[in-house]
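The two complexes that follow have chain A in common; it is paired with chain B in the first and with chain C in the second.
Now for the complex of A and B:
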């Protein structure tokens, strides 16, 4: 019966407007079984609207939402078999932790005893087995988060939705929860859609990332694709740090507006180019280099900030472009503001931005 | 000495100081007359009034009727107020102001004025009867006024805010994502109501129920003006004893029994709160 190619979730041509505001333009999205997909976008990008349409809390103006091949566009949230973890957890304050987790099972007319057993197992899987008799308000934020997760997975949903679940947690707790959720997700093979505005979180957790902006999916791909081959300035600047050059392509060359010339790994016709700050090397020695192997510039250090594991330099090329550089912070290779250095960047790290429609 | 001074500081002492004027007022104007009344009914000359009331089928009938009327009014108010309170929670800005204004205006208007308004509305030639006849639903005017029906309508109207406000107060604290969570976890509208909404608003419901129940036990104007003598309730008996028969002792006896009823109701509601809101830490 099950088709390997069949997507668990298939969203087709979804549009949604609020008054005159176009929240979603025309969203197409397919999520495969067992996949962890992240919707990454700033607030107001439309990612929450899309999630709420998938969950059944909003209806689209047009388009179709199918879950496991069945049209669910107009089905109520209760019919969709979707487990959701809300940003504020949304635990029922009048029920104990165990009763919270039993709730979806009881709604499915599972006997109280069986529901309690399954709820206990789910609580064990998030390491909260001993907290069953407490009330949510007696737990810490991280613990409430786990309860919400247990409640969302206990009924074996077709799809798990996580709406910025870690935004209220402090950094350390957030990182351990990210790992834990990721482990649980892959061990249970849960098809998961995760919402966040935190690009680092998206890169760490996802099988695929859909970058959303202005009510449309800007780019969709694996974290590496998104990071190394962003198609537009908006994606490049949203995910990771970037140096953007505008200019004119000519075969395997790119002439920045300042006149700086870069060799590229392949011919392009794009007039924008990205160089990641960590792809750039600074050195005191002036080593003659083959322009086909490396782009070499003279650059002056403007300022630097020490961030522990690495140092961020702001430098100015002889041609005038300001560039940000991330260098591994070796104590014997710290450059002073005012120093003139040699800057090298490999042609393969000069990445044309293919999408010209989006800035 | 210093120990005593230290003892008087702190939030507790501050609280006592701040409530002192109100407490004094209540003590002098409320508790003192009430105590005097109570003592009067216990006087050897009057004590047998209690036996007279309890053994009298007629009086007991009036007590039961008062209670029955109060329960009817409370139930109707609850049914109206519950959805209304939730509706008001969903309003924002100007429309919420308007809703509150409409709800609270009756509280600022004299009960007497509102009761007369109902007399006009429900009267033989009032707008309701005229409308019914114009629509051909009835040939002769219905006797809407001077009936228990009229009294119930009047009381439901006047006491409605006392039910809406506490329910609104607890409903407005419910996070909307809880309702979405409930739906998303597979609960239908009915289960969401019984398993999530009602438990989360039970404090407001019980507060509203006790207010309306107790207030409707003591309502005088509506049974007097809208009941047309057909709706016997305790406040009417008290007025009759004190006003017409000048039998203050008997009026006092009715008062004490009514007060006892109110206290029993409060106690029952408190008990049921404890049962219904089991285990939950009180905010």
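Now for the complex of A and C:
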């Protein structure tokens, strides 16, 4: 174990099958100290199975789980020193809030007095200091969430696992809880694995994201890497909106199946290409542009939807491709359905999808 | 228009009244035998008759004065408590097995656990008799308790599987994640939350055993449980002592149920 690259969690070649269903096929994952890593995937992608194997609630068919360098593959959940927040919080309804937070300390045979002190401090850190004597059912969803969080961090776990903890909260509360959890996590330096199917949440909170699908990690990287350089259609469509073109590459050019020609920033041999809707510009003026600097097309507006901060247009290129465009909503630049416009997109924004496997 | 409205109202009222009458008739049909036993138990005469010609408490006195009645009662309590403890302990493990872990065999196991309720009690008694006579358990109070425990098992399993199915298993998982062993998690987290069901199951088990006659007749030998004593009494003497005993049994059940309801209400107040 080297200090410079110390992994708190090291998952190697994990496999798990249920009957004939392959839930996980060879998962490798390393999480560094203090890192916030998100497992992003749709339901049934295997992310929950992976989390349960890490937590010690399931055992893998093969592979290894190490925590701080020690092999924990067959260790019980209790031995692993992992704090976990469940989707439904799993607070103990017959215990008060304080007793809930004291529970993990009691299990570690810490004296009642010391445990109560530490539990109060943990409750203070989630701004629930005054609610210790209440029962969980007397708290709101957001408050219950904080209790679950306090209970998961009070024993200073080596790893914090969050299983879709915000899915039951309404949008506004969810956003403030996201910020709070993120702040708490970075101020305590907690190594955290977060599970979600919400790509926005993943982009906002993570240091790194592992996109999971079909029981395998499709791509792992920083939010920006995942967003701007997805390696496959499945990742591109799962994270953010996308326009996917199929066609043939030729040096620094890409010929879509429809015949539309795009200049690229670099030569490629990929036969799929991604353009994010916000990378495209629509304008009424027809400005002659250098094809090396911009790809220019004539496009007709099919329909539009106003989403507040921006407007989403569906347009059809002269070559026939339908493209979705996301434009900053300026009141003086609203285009009407039927209008013919100039569509420009920079070569650098035409991103080849390197992974050839259609998922 | 107006006429039609009043007609609808009239019909609805008739329906309501009919519904009430029907409910009361059913209620009385079920309750009358229980109510009739009360005056009979205070009869002054020497035979079971209704209505009694005179009133006294002599049959209650008879019950408390005769050792055979008191012994039978103590034996029944003893058998009932032991059968309850065994059936709740085994039934709880059964219910745990059925509701989790045993995905494949759970349903089959559940059917097996319910079998004692389906097999006719005379068949069950005869087979128990032939088995226990070989084991030297006939004429032994523990033999009756054991046989009763098996008879009580279906009730315990039904109540506890229902309760465990409703219980959020994530809580037990969470407790283990927080450092508890499976056993500690069950003891500290699961059991306190299904306590009302455990109490109901224990109550049902106890009543089942306390009230059971057929198995007791086969297995008790020279002495007898309270139901057997009552049966012997009605065969040999037909005096109103059994009415007095019945009234006391009814009172006991009402009392236990009241206590249970209180306990459960206190629990519900805290949990939901």
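Keep in mind that, in the parts below, the second predicted complex is superposed on the first by the 355 of 359 C-alpha atoms of A that agree within 3 Å, B and C clash if a C-alpha of one lies under 4 Å from a C-alpha of the other, contacts with A are read in each partner's own complex, and residues count from 1 in each chain.
Everything below uses one rule, namely that a residue touches a chain if its C-beta (ideal position, glycine included) is under 8 Å from a C-beta of that chain, and two chains touch if they have at least 3 such contacts.
Keep in mind that what you see is a predicted model, and the values were worked out from it rather than measured.
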Looking at the overlay on chain A, is there a clash between chain B and chain C, or do the two fit? clash
Touching A:57, do we find chain B (first), chain C (second), both, or neither? both
Name the contact category of A:108: first (chain B only), second (chain C only), both, or neither. both
Looking at A:96, would you say it contacts chain B, chain C, both, or neither? Reply first, second, both or neither. first
Applying the document's definition of touch, where does A:186 land relative to chain B and chain C: first, second, both, or neither? neither
Given the touch rule stated above, what does A:176 touch, chain B (first), chain C (second), both, or neither? neither
With the two structures laid over each other on chain A, which partner does A:137 touch: chain B (first), chain C (second), both, or neither? both
Figure out whether A:82 sits in contact with chain B (first) or chain C (second), or with both, or with neither. both
What part of chain A is shared between its chain B contacts and its chain C contacts? 55-57, 76-78, 82-84, 86, 88, 90-94, 103-104, 107-108, 135, 137, 151, 155
Under the touch definition given earlier, write down the residues of chain A that touch chain B in their complex. 55-57, 76-78, 80-84, 86-88, 90-94, 96, 103-104, 107-108, 135, 137-138, 151, 155
Report the residues of chain C in contact with chain A in the complex, numbered from low to high. 168, 170-171, 173-181, 184, 188-189, 192-193, 270-272
Touching chain C in the complex, chain A uses residues 55-57, 76-78, 82-84, 86, 88, 90-94, 103-104, 107-108, 135, 137, 151-152, 155
Per the touch rule above, chain B residues touching chain A in the complex are 175, 177-178, 180-188, 191, 195-196, 199-200, 277, 279-281
